[in-house]
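For reference, chains read A, B, C and D in written order, and residue numbers begin at 1 within each chain.
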Amino acid sequence: MKLVIETDAVAVSRTAAAVLLGTMTHDRRVNLSLTAGATPVGTYALVAPVLAANPSAYDNVHFYNFDELPLPGQDRGMTMSALDEQFYGPAGIRPQNLHELTPESEGDIRADLAGNGGLDLILMGVGSDGHFCGNMPGVTRFDADIYQFPIPTDAPWYADFASHFDTPESVPTRAVTFGAPMVNRAKRAVLIVTGAGKADALAAALTGPVTPELPASILQTHPDLLVIADQAAAAALPTR
Amino acid sequence: MKLVIETDAVAVSRTAAAVLLGTMTHDRRVNLSLTAGATPVGTYALVAPVLAANPSAYDNVHFYNFDELPLPGQDRGMTMSALDEQFYGPAGIRPQNLHELTPESEGDIRADLAGNGGLDLILMGVGSDGHFCGNMPGVTRFDADIYQFPIPTDAPWYADFASHFDTPESVPTRAVTFGAPMVNRAKRAVLIVTGAGKADALAAALTGPVTPELPASILQTHPDLLVIADQAAAAALPTR
Amino acid sequence: MKLVIETDAVAVSRTAAAVLLGTMTHDRRVNLSLTAGATPVGTYALVAPVLAANPSAYDNVHFYNFDELPLPGQDRGMTMSALDEQFYGPAGIRPQNLHELTPESEGDIRADLAGNGGLDLILMGVGSDGHFCGNMPGVTRFDADIYQFPIPTDAPWYADFASHFDTPESVPTRAVTFGAPMVNRAKRAVLIVTGAGKADALAAALTGPVTPELPASILQTHPDLLVIADQAAAAALPTR
Amino acid sequence: MKLVIETDAVAVSRTAAAVLLGTMTHDRRVNLSLTAGATPVGTYALVAPVLAANPSAYDNVHFYNFDELPLPGQDRGMTMSALDEQFYGPAGIRPQNLHELTPESEGDIRADLAGNGGLDLILMGVGSDGHFCGNMPGVTRFDADIYQFPIPTDAPWYADFASHFDTPESVPTRAVTFGAPMVNRAKRAVLIVTGAGKADALAAALTGPVTPELPASILQTHPDLLVIADQAAAAALPTR
């Protein structure tokens, strides 16, 4: 793995944005899978305006969400809704360049990626519990390229998760996610990590045993992993 | 993964030989890592004469043994000795194209592969106990690109292993091997498997959980794995 | 460029067949472009039975003819007809894996290859006049990825060309071909050359100036060119 | 080719800097070849501080000058001197990561690049006379990966060239440059072009015939060419 430690989250965003733009500018179809959430906000703030200002230059770039939690009674799931708001909308991505992973489309997405050159890059975060994409401790399988699972209501994180929804009926009950074989097939994997709250999880993931109990540990087996961390997130890594 | 099931071991050798020659003929330095043992004998019988008849056409090909068991009191270990006899000698490989992994050279080999384009292909077998390269059940770590370990004298397979040596003093006591991160970095991984004795291990490795207890199961996470098996070895795989 | 000189045409076919099978066995969609004509007959004799015996193992392989001469009044042109007879038929390739370049489909083929990972390998011959694919002396452009042209009735080779057709009305009047930019985008270019009649053209193409007057000379600029020639065809190359 | 037209030179520098940083952050040795001159000044202003602030994160990146004009009586030629001043110095590149092409080192550089994974990216400009790297009109050969030539004192540009030197004795008399085959082997080629003075040359290079008389026209045959131009430089390109 390659580790780039930056002073702060701003510098993490700058380097991550460069890696994204550097990949988008290949002279061929480019397939990307991007994370939603708080960590990439700064990265998308740098990248989205570039794309919005020059849409024809980037119409070769296609996007695949790497996980999804269907929202009962709604068209789009949690991840696509967040990505629309955070990046696809501000960047002005055309609908035909968005490829939506849902529990129903799993087979189509698998066939699609097998036939179009595959993922060029996947941009991920890591949870303080060691999850990556939708690979949560307790449900993670390293043997499935894409897989579905019911949200485990007895998981330690379930109460917190459910508290974000207004009614019990609106809490998602199942999820779909890329697994380790799909992530390892991406030509590049990029992990962006900021803040002291991630320090222990990052150190365990990058330097400890590879185990489904700490899902992100499997990223040690990716052939071209780039970790961009700020100093706070890198604090627990061994000094080299 | 891609699975090619052949009628018999002869056809496995033909396809494996084609994959090797196809890789050797790139117009650049090519780095290969080849297995010793019984399974590749037919493959090497097809490839070695081609190289021996045309050495200058293949002087771009370099070889890295992927594991080693040093033999007390001898210059070369078990793996290099076997590869010399099985392939390097008959193929007429020049000494400067052989890169010997030993416990002492581990750091050099790591730096070498990081700086010369990396492995283009690794050809492996799988043991009936599920091992690949020198990753044995009980000692396997998925987090180390190359690692060393003392041969565990209490392993279930130790008595059989030790029986192949004339005296207790000549039994190897330590080993070094490529681990999962290094294998996953090889642009192609090729697994050749023949015979009914391998059927259960192959099925478990390719379709079961990814776990160090069945080391070859990690190969499910390789980005471009080719499994070439004869019908006997493929017998326990699920019908598709 | 990498040059492999073989004793005879049989050995050329063996090496070329290995390169083809080696490429077909990647774990992803594989796109190939194959030459028709006399030179590849032995290669296809080795490869077609392997595919015919194991169709599901090779259903990831797709084929694109690299040139075409429409036959007046017929559904398929000269190149597709020849490839059907020489390879696609004997190999049992499914219709959905055949992608037919015609003057009408030029735009579709261009878009197709830009979006599906591109050509993995193009297998070509060279003419004694230095042509490659449909890039003939006198009409060759190095600046067009795919291009069409009227067959020049005043070309030195036209009388011979026209003599192969029963009536003046049945002689093709236009052609379409991949040009240099498309060929250079193929991850591998493989040139197979046999017989003394090709010796001068091969030497000029590989060691002389790059000029549209000797179209195959542009192959010197391909990033990964493999030339497999028998001794007769290699006779005029400079000794190294 | 992929064309990205930016509003102005500042935006060209931002995109070019992103492509460079995106390439530098692979988890392996990365080999780059960078242009000297006025056009990349803004790009280097963005990239150099990133490297200087974090040298250990970028010690995997190696640099090869793509041409050189030896300066009589001096250790370093024109290109290396300019690159030292413009980029290597401000970026703090270690001497062991600099690989100097000179007329004397041509063979070593060729062997070096053949054995270390090859160029990942070459960043070039284009001259108003259509030159790229040291491939000048009148002396350009498309058939040589690296080649040397005496500076032609009768070239139209010679008087201007010679006027930059204090004495007749200090004018360089020979040059060495990467040619088309070497540039085409770079995994990515990036052309940055700014200013109205380049508009005609750029249009001719990208849309006209491929000919040594306009050397940069050969870049149309590169498998992954990115052209980043400001609106002034792109003004003569056909509207799409």
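Observations on the model:
As a convention for this text, a residue touches a chain if its C-beta (ideal position, glycine included) is under 8 Å from a C-beta of that chain, and two chains touch if they have at least 3 such contacts.
These figures come from a predicted structure and were not determined experimentally.
Relative to the C-alpha centre of chain A, the farthest chain centre belongs to C.
The interface holding more C-beta pairs in contact, when B-C is weighed against B-D, is B-C. The distance from the centre of chain A to the centre of chain B, with each centre set as the mean of the Cα atoms, comes to 33 Å.
Taking the mean of the C-alpha atoms as each chain's centre, chain B and chain C sit 36 Å apart. In terms of their C-alpha centroids, the spacing between chain B and chain D amounts to 42 Å.
Counting partner chains per residue, chain D has residues 28, 60, 223-224 touching two or more of them. Because contacts link each chain to all the remaining chains, their graph is best described as complete.
Contact residues of chain B toward chain A in the complex are 141-143, 180-181, 184-185, 207-210, 212, 217-218, 220-224.
Taken in their complex, chain A has these residues touching chain D: 1-7, 14-15, 17-23, 25-28, 50, 53-54, 57, 60, 188, 223-226, 228. Within the complex, the chain C residues that touch chain A are 28-29, 60, 114-118.
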